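Please find one structure pasted underneath; my questions will follow.
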Amino acid sequence: MPDDVAGFAELDLGRTARRGYPEAVYCAGKSPGQVGAIAAAVRARPDLVTLFTRAGPEHAAAVLHELPDAHHDADAALLAWPPRPPEPAGGLVVVVAAGTSDLPVAREALQTARYLGRRTELIVDVGVAGLHRVLARLDDLRRARVVVVAAGMDGALPSVVAGLVAVPVVALPTSVGYGAAFGGLAPLLAMLNACAPGVAVVNIDNGYGAGHLAAQIAAPAPAGDA
Amino acid sequence: MPDDVAGFAELDLGRTARRGYPEAVYCAGKSPGQVGAIAAAVRARPDLVTLFTRAGPEHAAAVLHELPDAHHDADAALLAWPPRPPEPAGGLVVVVAAGTSDLPVAREALQTARYLGRRTELIVDVGVAGLHRVLARLDDLRRARVVVVAAGMDGALPSVVAGLVAVPVVALPTSVGYGAAFGGLAPLLAMLNACAPGVAVVNIDNGYGAGHLAAQIAAPAPAGDA
Amino acid sequence: MPDDVAGFAELDLGRTARRGYPEAVYCAGKSPGQVGAIAAAVRARPDLVTLFTRAGPEHAAAVLHELPDAHHDADAALLAWPPRPPEPAGGLVVVVAAGTSDLPVAREALQTARYLGRRTELIVDVGVAGLHRVLARLDDLRRARVVVVAAGMDGALPSVVAGLVAVPVVALPTSVGYGAAFGGLAPLLAMLNACAPGVAVVNIDNGYGAGHLAAQIAAPAPAGDA
Amino acid sequence: MPDDVAGFAELDLGRTARRGYPEAVYCAGKSPGQVGAIAAAVRARPDLVTLFTRAGPEHAAAVLHELPDAHHDADAALLAWPPRPPEPAGGLVVVVAAGTSDLPVAREALQTARYLGRRTELIVDVGVAGLHRVLARLDDLRRARVVVVAAGMDGALPSVVAGLVAVPVVALPTSVGYGAAFGGLAPLLAMLNACAPGVAVVNIDNGYGAGHLAAQIAAPAPAGDA
Amino acid sequence: MPDDVAGFAELDLGRTARRGYPEAVYCAGKSPGQVGAIAAAVRARPDLVTLFTRAGPEHAAAVLHELPDAHHDADAALLAWPPRPPEPAGGLVVVVAAGTSDLPVAREALQTARYLGRRTELIVDVGVAGLHRVLARLDDLRRARVVVVAAGMDGALPSVVAGLVAVPVVALPTSVGYGAAFGGLAPLLAMLNACAPGVAVVNIDNGYGAGHLAAQIAAPAPAGDA
Amino acid sequence: MPDDVAGFAELDLGRTARRGYPEAVYCAGKSPGQVGAIAAAVRARPDLVTLFTRAGPEHAAAVLHELPDAHHDADAALLAWPPRPPEPAGGLVVVVAAGTSDLPVAREALQTARYLGRRTELIVDVGVAGLHRVLARLDDLRRARVVVVAAGMDGALPSVVAGLVAVPVVALPTSVGYGAAFGGLAPLLAMLNACAPGVAVVNIDNGYGAGHLAAQIAAPAPAGDA
Amino acid sequence: MPDDVAGFAELDLGRTARRGYPEAVYCAGKSPGQVGAIAAAVRARPDLVTLFTRAGPEHAAAVLHELPDAHHDADAALLAWPPRPPEPAGGLVVVVAAGTSDLPVAREALQTARYLGRRTELIVDVGVAGLHRVLARLDDLRRARVVVVAAGMDGALPSVVAGLVAVPVVALPTSVGYGAAFGGLAPLLAMLNACAPGVAVVNIDNGYGAGHLAAQIAAPAPAGDA
Amino acid sequence: MPDDVAGFAELDLGRTARRGYPEAVYCAGKSPGQVGAIAAAVRARPDLVTLFTRAGPEHAAAVLHELPDAHHDADAALLAWPPRPPEPAGGLVVVVAAGTSDLPVAREALQTARYLGRRTELIVDVGVAGLHRVLARLDDLRRARVVVVAAGMDGALPSVVAGLVAVPVVALPTSVGYGAAFGGLAPLLAMLNACAPGVAVVNIDNGYGAGHLAAQIAAPAPAGDA
């Protein structure tokens, strides 16, 4: 571990070897200075993909100061370095945003899956209030190895999608909605209670977690599988 | 008020005149003896419809002892007297049960609407995990003046139905489901956050309330309406 | 769908045909730029009413830039276009605000019902702490086909009003109140537990939903009703 | 302290001297044997009033074995010894039960106030769904020095009563109601958020606490008051 | 009602006659303009005491513009007009603040009781972590007709005080504390569960409600009391 | 649909064709009679696997009366028919039970995955209080295509396992634990907040859902995957 | 591990060596047969102390069948084997039960500490409603190296005790109380928010955890301490 | 008590004598002026250690104006005076921060323990997602007399650490994490449900409380201990 992050972080650079996926840097609880120091520390390892998630403007500036060519998706509050994602392998990850307000979180999921080595597609604004919209995209959904569905409010879309496809659905609740959504609690509970089986729930607004899980589900099958 | 209910109940026999709908007797918190005394008291008023809701076997026996010809729907835990519902008026009330386990509560709603003077129809087991089932009943749904949808688990069906019809949907959450349904909290929140407008939510497992509200919505329009 | 909203929204312009009511644009989770692009897209459809709800000052400016003659009710955080509401039909919608602090949400409900084609009336500051105030308005309440009641704090007014009228009451909880109101949870629960039947609950501070539901309840009865 | 309660209880026999009110024995968490031993211990102190609250049938039998002339109100799950309440002093305590199901808890409050030395009156089944019932009892309410209001469901009655009288209202939430009453949480929150000031809230189903508080409020004014 | 508040408020100027206590103006949900208009409207009634509660700096300025001699207690976020409280009557109200952080809410309670006509005293920083502090003030507490106890964190002080005095304790939970205080939920629940009877709980941070209730409890006894 | 289930259930016999997995019959909310009728209805379709979950003794008897050779795992409260699971395909599903009390739910997951066509292995009693136990099974864990981890109490084991393997972990919270586990809420929240990515959460005690999701994740990769 | 517990439990017999304290067997989620098999398995290790906690009558019978001389404290629902506790070392553990209803949990804590090798003392029924009771036991409290305080309801006693002694207080919330105690949530939150520092909170009704923690705190100081 | 803090604070300067530990000044709810006045008041007592916790920049400036040589740890939002901690005694306190974002709270715990007279060590970024990191520090952990573990998210680390050491673990939940961490509720519940005994839980983000408790646990054993 480089000396300049000692005292506040213990980078897990061996994680790619151990788990097959690199570590991400969750910026929200760190100062821009700490994030910048980590960015400097990973510069020596272009063989690993490093994601900086929940990166506000000051975090992004600190990263870009150290890694000027990092890819920055401001809507998703995410940076990736090296900027070019790995050559895709495994199955297709389709990311669905129920409404426009769910897009930032959906994009975080999509970028994460992409930088972890998967092909990705995005479908937007297909909430259950107009079923014809999701039914119109059935062919796209059925080409996926896993579908990520980001939804706030009633969180009903993952149930509906899971009832239409054979593959797992990663349900990503968002904090979008009126008062009784309680910051995402309503869609979270709805997704945990999905009446269609095959729904894998992650934390509220946790696009990174959803994308990571989707990438693992869609990973190339190991040799030993039947 | 008859003397023999004095001390524990103040029957609101004028309610039909005042509100247009009779009072119901909620049995759950009353002793069989109290329920029986109320049944005896209403015997003198066959001009009013009296519903006994949440009536367990002992409550039902106490009612039937006083009103032997009362209609008893044991699945719905409900008795009605006089046994014959009024001649139907107003629009059609369609009651939908998402799953078999939601049937008792759905039946309570249906019987309530029927004894308050509406035509009713029942549709069962059309949860969103198999959308083709609800889509196959679209014509039935579109003939309704109001649709009651009873659902537990993810509570997603009212959103889906509301997106398909022009009339109001009364959303009736049930306490059916695994642990994180938290006794009906999950579908309740989902219904309050329905992404399709036009959803009227009532209390968990409150079939009586749902049926009453539906009867009011489907009531014959007063003369003054345009 | 116009090209310039592709990528973040899928306008449901067929919704009026399908459901009889137009789609609304919920601005809170969208950027002013996105809202402006949607405003531009609907300009070609003056035959449809479009509502922009939860519109902050920047959202409003973006809409007015594209649709300068849109009606803007800043208190209700709502814009409507075309500015002139449709000719009213169906029954009267009476909107009641329990206290002055409930007015913005109550106005959102009223404007929604009005732009969906209903006659509306507003009654303000008639909380249950002074019953004489609501009793004094009984005649106004009894002329309604549906009453919307916006209330925070104890959320007691919908119960009281529902006990006084024959028509449905749409209960609209607001986030007004001291600490243990928990952002509207207290009135929401009170309304769900209303001891008078005939109460239809919507989400906290969701004036749009309340107005939409009221408009549907007060809609002209279809030909087939008895 | 008598030896035979040593090991599980430390009777506070000096409490009447210190606080002016005797200790009560909460039976719910104690074995019948423990309750009986306490009953035996207080037999030597007929100068103190002892209340046994939340006494199930076995607790009651154990008390009556030791104190055969104790007064037993089975509905209120309460025993009092000596059986004759003290000569009443101070103001009148009026206890109101919103519905029949609230009666047991209301009776516990009434008996407690009576055995602590107050005059009491009971009013039953005057919920806000039929306002005329509570308005018809206004004269009775206005003679009180304090009103205890027991209500479940929406918990709206204390707000309404507090808006009609000058004296404090003790709000006693009960666990009566459908699912979203959440065991009394809904009326508890409603009462804490009462829009009329002058409402003193106690614990759910805690009739003893409500009666005790009411007795204190209605106590004879000390000499020093203006 | 003066014309210039029509449209947003219905002043209850008859409340003093009806209930014996004047109405207060809760500023938090109102605009400074609305509050100013109400201030102007009450100027014609110096015979009534008007309290403006939860008044931020802009609310205060709006009131003082209309009623320049109003009494302003900025710590308590409260204004009173006319500035001179009524001649005190009834018993003494003692207000206790468990810690320094509870002082603003405690002062709101004290000012309310004072302007409703009671003598008041304040005791500060006597939390249960140092019992000697509250025991040292026992004589002061025992002179009261009612004690208001404002406390955050564990909310333990009302239980302790109620165990030491014969009169009712108004328990006023505050939102002071670390994370698991959950905005005052922890002391609120503790107070509702006070193991000493005689505790009357009000809403979190609701100093006005606590002071009003205390004033009613300590009111001069009506003629009819024994 | 056979006539004898009409009225309470709409069997989705086409689901295997549509989604690739058969429907399961959730017995908990159904009467033994209803479950028996469904069992009779599926007897004509030995080409489909039918699972009966949450089957109490009476449900099991009703199933076995119709399908005497059904496989019954009483610990898992599950029956399967036809009794012989399909020939396994895809990757290995390893099911881990953190403690002995988590075994019934873990077995439900294992049986579900097995009857949906996967190879399965069970590891028991390897909670994080003794890390050496889980570390000793690392080789077994690393042969899996997906790991299901059932845990109550602190729900920490999925985080630990996810940090040790490359494949997804299905986190299955159980309702095992002391009071503040709140019926499984504590492990549910812990799993949603797992600090290691790659954790897919399902509902509390929902072994069926966990096993179904695991079977989908470990399904043979479709031809199109890279 | 003996063969006969294979399949459902992995005994951690090395735990005494590793952690210095033996493993306990939590019976609540296990069948009597499983508990009996574990009892048989530990019979070969009389050098280790084994505790069986939350043992109902059937669990106890199963243990006593295998280990007839085991010590059985039925009130505490606990068995210990070998029956004689180790020779005490370290500091004194004082266990305080706020009320009689808290005794079973307090006894579980006391027995656990005793069988882990500490001297113990029990103090009962010293709740804060009568402060003189706890103040009278101050000398006993001050001889302790750690005090365990079991309390339900307002959970105020740990704060009070922690303010009186120099040593840590283990706060053990119990599920004793009226409705708004919410199964121990109220005292749990109060204890977490104790205004006196030095309070270590454990799970609701977890007497075993409290006793174990107390035993560790009062353990003989290792050689290296200053 | 100095005059200039009268009116808002009652300093407990005798607390060191009574409890062995000095009082701390919780700044969050106090104005800078109040904090400064307290700082001035303690200047006369350099024999006592005074900690100012939760001190924002303005609080810190006010303290430093009165006590210019006070030690200020801005990351921990804490000041100490006199600046030099007492000579350490008792056992070692090891403070562990699961992640970088937990560092501020962990530092508050460490500084508190240090100024209360203990030796301290800090270990950072050893979350359970990479078990090798915590296992690598086992020797450091085993030298402690008590370990403080600060963790957000799943709160799993205290369970893991408690399973590895013989001494008590003080579990300090932090408010770090995605939506369903609910401001620290998730790790708080996980820690209360730790499957390893020996875990003492404190309030969310309450580093001061954790450090104080740890200092008490690691205090020199009194003479009387065996």
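The chains carry the letters A, B, C, D, E, F, G and H, assigned in the order they are written, with residues numbered from 1 in each.
One rule holds in what follows: contacts are C-beta pairs under 8 Å (C-beta built on N, C-alpha and C of every residue); 3 or more make two chains touch, one makes a residue touch a chain.
For clarity, every value in this text was computed on a predicted model and none was experimentally measured.
> Look at both sides of the subunit C and subunit D contact and report whether the same residue positions are involved, with over half shared, or different ones.
same
> Among C-D, E-G or F-G, which pair gives essentially the same interface as A-C, with more than half of the residue-number contact pairs in common?
When the contact pairs of A-C are compared with those in C-D, E-G or F-G, F-G matches.
> Can you grab the rotation angle between subunit B and subunit G? Superpose on CA, round to the nearest 5°.
C-alpha superposition angle, subunit B on subunit G: 180 degrees.
> Please tell me the distance, in whole Å, between the geometric centres of subunit C and subunit H computed from their C-alpha atoms.
Centre separation, subunit C to subunit H: 50 Å.
> Approximately how many whole Å separate the CA-defined centres of subunit B and subunit D?
Each chain reduced to its C-alpha mean, subunit B and subunit D end up 35 Å apart.
> Could you grab the centroid distance between subunit A and subunit F? Build each centroid from C-alpha atoms only and quote it in angstrom.
Distance between chain centres, rounded to whole Å: 26 Å.
> Could you put a whole-Å number on the gap between the CA centroids of subunit D and subunit H?
44
> Send over the residues of subunit B in touch with two or more other chains.
Each of 18, 99, 129-130, 152, 163-164, 177-178, 180-182, 185, 188, 192-193, 203-204, 209 in subunit B touches at least two other chains.
> Looking at the whole structure, which two-chain pairs count as touching?
Those chain pairs satisfying the definition are A-B, A-C, A-F, A-H, B-C, B-D, B-F, C-D, C-E, D-E, D-G, E-G, E-H, F-G, F-H, G-H.
> Name, in rising order, each residue of subunit B that touches subunit A in their complex.
Listed in rising order, the residues of subunit B that touch subunit A are 98-99, 127-131, 135, 152-156, 159-160, 162-164, 177-178, 180-182, 185-187, 189-196.
> Enumerate the contact residues on subunit D facing subunit E in the complex.
18-21, 24, 88-92, 119, 143, 145, 163-168, 170, 188, 192-193, 197-204, 208-209, 212-213, 216-222, 224-226
> Under the touch definition given earlier, write down the residues of subunit D that touch subunit B in their complex.
On the subunit D side, the touching residues are 99-103, 124-126, 129-130, 132-133, 152, 176-181.
> Touching subunit G in the complex: which residues of subunit D?
Residues 7-10, 12, 14-15, 26, 28-30, 34, 173, 175, 183-185, 188, 203-206, 209.
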